[in-house]
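Below is one structure. I have some questions about it.
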Amino acid sequence: MTVTTSVDEGAAGELLVILRHGPHSGIALKEGLDAALVAAAFGRRVSLLFMGSGVAALMPGQGKGPLDQKGTLPTLDMLEMYDIDRCYADSASLEALDMSADALVIDVTAVDSGGVAQLMACHSLVMTF
Amino acid sequence: MTVTTSVDEGAAGELLVILRHGPHSGIALKEGLDAALVAAAFGRRVSLLFMGSGVAALMPGQGKGPLDQKGTLPTLDMLEMYDIDRCYADSASLEALDMSADALVIDVTAVDSGGVAQLMACHSLVMTF
Amino acid sequence: MILHTLNRSPLDSSVYLQALAAMTEADCLLLIEDGVLGCLPAQAGRWPQLTGRLFALREDLASRGLVDACSDSITVIDIQEFVALTEQATKVVSWY
Amino acid sequence: MILHTLNRSPLDSSVYLQALAAMTEADCLLLIEDGVLGCLPAQAGRWPQLTGRLFALREDLASRGLVDACSDSITVIDIQEFVALTEQATKVVSWY
Amino acid sequence: MRYAILLLGAPYSSQAAHSALRFAQAVIARGHRLEAVFFYADGVHNAASLATPPQDEPQIVDGWVDLQRDHDVRLEVCIAAALRRGIIDAAEAARHGKDGHSLAPPFTLTGLGQLIDLGVDCDRLITFGA
Amino acid sequence: MRYAILLLGAPYSSQAAHSALRFAQAVIARGHRLEAVFFYADGVHNAASLATPPQDEPQIVDGWVDLQRDHDVRLEVCIAAALRRGIIDAAEAARHGKDGHSLAPPFTLTGLGQLIDLGVDCDRLITFGA
């Protein structure tokens, strides 16, 4: 896993959506993803940053809940269709859950604290969910 | 401030209500206190344990909120009327907020981790709010 | 034995410290909902001296893809065994 | 300058660590709601190197009885000054 | 054994309602008596008759109603917590001059005293918080 | 400057609604234009017409309504978040076969696209989370 401090120019976008809630834990993560999808559908350049428990959304092997809750994997599968291809994950959070950026359900770039701060700087609007 | 590990026999009661939310931060603290007051009104022997941010409920000098929210001080003032006189506060939480058990809005006994565990043991029902 | 349940992720919440402070050496802790994120080996240091008394709910691990990643030191139980634990416990205390 | 707001008590929540990780040396942090519990001197260690860039909302301190107890290193501002900070900031990021 | 459940979380907003429903079903499957589920704090939103969740999400309300119908589990909603959150039955709506109501039957509004009675009378009270 | 507010918390359950209302009033007092408050996630409960809080608590809904009336602030409620939480207007109630409605005027149900437009069009978008 390569961790990036310096996010390249291509990272600049209009909207950064920060996802800090885990899957299957209420719909905070789902509602954050919905905001990102709608922004993309409206033609905005959207980046995602998974942070804290939010990185659990990237864990392989997720399934439905015991009451048939579908979770957020189906929504993550739609990101590509919406042209959301700038996805980042906080490296400290990944480490806290024994996750490697190389083996996640979508392609993400691992960023350290400096990279997180740079993502804040290079997007004109930041929304935290 | 004296911190107690060993809670005396008089601590035994039917219901221990643990209050972990701060004042003016939504009504979680108020709804926990309401449960305690109703239990006392129904003739149950009730003890209170303030823990975590909940100890902020005991801070002197609290006032109304800027929208005239009355907070929880008026409710604390009613405890005596309801014969709720066994009140405890987690000493680590008090220290974290620079509070001393000697200078709070109601009389409380400061308990350390051992005392907290003993309070759990000597009440037949424990409710956390 | 008192059964304590914890449903918060240790990545965001320090409520687990309140649960630990309230436990004796006879008590058990069950991780449910986002609490099961505490099952990952990187989080093992948060649960000192709980060997044999630390449980996690299988269905919450499974929906999050964590069954295989769960620390060996944690006993994975299903919802029926959760009920069984509440039968054995003298009372149940919830931390959230 | 980016203005970060934090409304969680450092006694229960570790979200403040996420806010700190996202800040540069030019950014400011404003404590509101239960976040103002971080103003007490015993909590000062959580805010390293934020001198001059750490603020707390007066009305949330006042309702909690904390105005006099607030650390000297924290700048207490009123709700109008909160708006003024959002004018100066290029954007506002909320941590909750 | 005789069980009661205290639920403090709204459906969907947290996982608490899902967990409580699963636990309730398992309590009954193990042969226990589940006397009641008491809905307090944001838990009162479980009784919302006007909630319209997407079809592909679990219909939590149906789960509670099934428990009541099949196993005679009382569904008790704290009246004070409910009224301030917009969950109101026809009688309270009339009393407060509200134009409509939002409490799904067979949920019933009741006082906090019921929760205390459940805690004292039942062998186990299990809280699901949010 | 042109401001917008995103509110994610229900009244009373968290302090977010109180903070957002105070901030909204201060934005206007400083001479800015507040275009809209967008209610998302549990924030949709701010629009609950059937909420009946105790008289001695701040009537948050009145605060929002005053902002709309006196300063033409739009009160926009995410329709998807609202429907699953039991906040529904007459048109949606008819569509979903619900017997009643619970959205207080002048709040209006709208899509998430409105939030994105506010974020892009306004100089500042301030989020109050819960």
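By letter and in written order, the chains are A, B, C, D, E and F; residue numbering begins at 1 in each of them.
Everything below uses one rule, namely that contacts are C-beta pairs under 8 Å (C-beta built on N, C-alpha and C of every residue); 3 or more make two chains touch, one makes a residue touch a chain.
Remember, predicted model here, so these are calculated numbers, not experimental data.
K.L.:
Going by the contact rule set out at the top, which chains touch both subunit B and subunit C?
P.N.:
Per touch definition, common to subunit B and subunit C: D, E.
K.L.:
Find out how few touching-chain steps suffice to connect subunit B with subunit F.
P.N.:
1
K.L.:
Over half shared numbers or under half: where do the identical copies subunit C and subunit D land at their interface, same or different?
P.N.:
Over half shared, hence same.
K.L.:
Can you give the whole-Å distance between the Cα centres of subunit C and subunit D?
P.N.:
33
K.L.:
Counting only Cα atoms for the centres, state how far subunit A is from subunit E in Å.
P.N.:
34
K.L.:
Taking each chain's centre as the mean position of its Cα atoms, how many Å separate subunit B from subunit E?
P.N.:
27
K.L.:
Mind checking the centre-to-centre distance between subunit A and subunit D? Centres are C-alpha means, answer in whole Å.
P.N.:
The answer is 26 Å.
K.L.:
If a residue has to touch 2 or more other chains to count, which residues of subunit D qualify?
P.N.:
Residues 11-12, 15, 33-34, 59, 79, 91, 94-96 of subunit D each touch two or more of the other chains.
K.L.:
Could you pull out the residues of subunit A that touch at least 2 other chains?
P.N.:
20, 24-25, 27-28, 52, 65-66, 69, 125, 128
K.L.:
Check each residue of subunit E and list the ones that touch at least two other chains.
P.N.:
In subunit E, residues 12-13, 15, 22, 41, 57, 80, 84, 125, 127, 129-130 touch at least two other chains, as defined above.
K.L.:
Okay, what are all the chain pairs that touch?
P.N.:
A-C, A-D, A-E, A-F, B-C, B-D, B-E, B-F, C-D, C-E, D-F, E-F
K.L.:
Residue numbers of subunit B touching subunit E in their complex, please.
P.N.:
Within the complex, subunit B contacts subunit E at residues 14-15, 27-28, 31, 34-35, 38-39, 41-42, 44, 125, 127-128.
K.L.:
For subunit E, which residues count as touching subunit F in their complex?
P.N.:
10, 12-13, 41-42, 45, 48-54, 57, 80, 83-88, 92-93, 96, 98-102
K.L.:
Across the complex, what residues on subunit E touch subunit A?
P.N.:
9, 12-15, 18, 21-22, 56-58, 60, 63, 130
K.L.:
Report the residues of subunit F in contact with subunit D in the complex, numbered from low to high.
P.N.:
Touching subunit D from subunit F are residues 1, 3, 8, 15-16, 19, 22-23, 25-27, 29-30, 32, 124-130.
K.L.:
Mind listing the subunit A positions that touch subunit E in their complex?
P.N.:
Per the stated touch rule, the residues are 24-28, 65-70.
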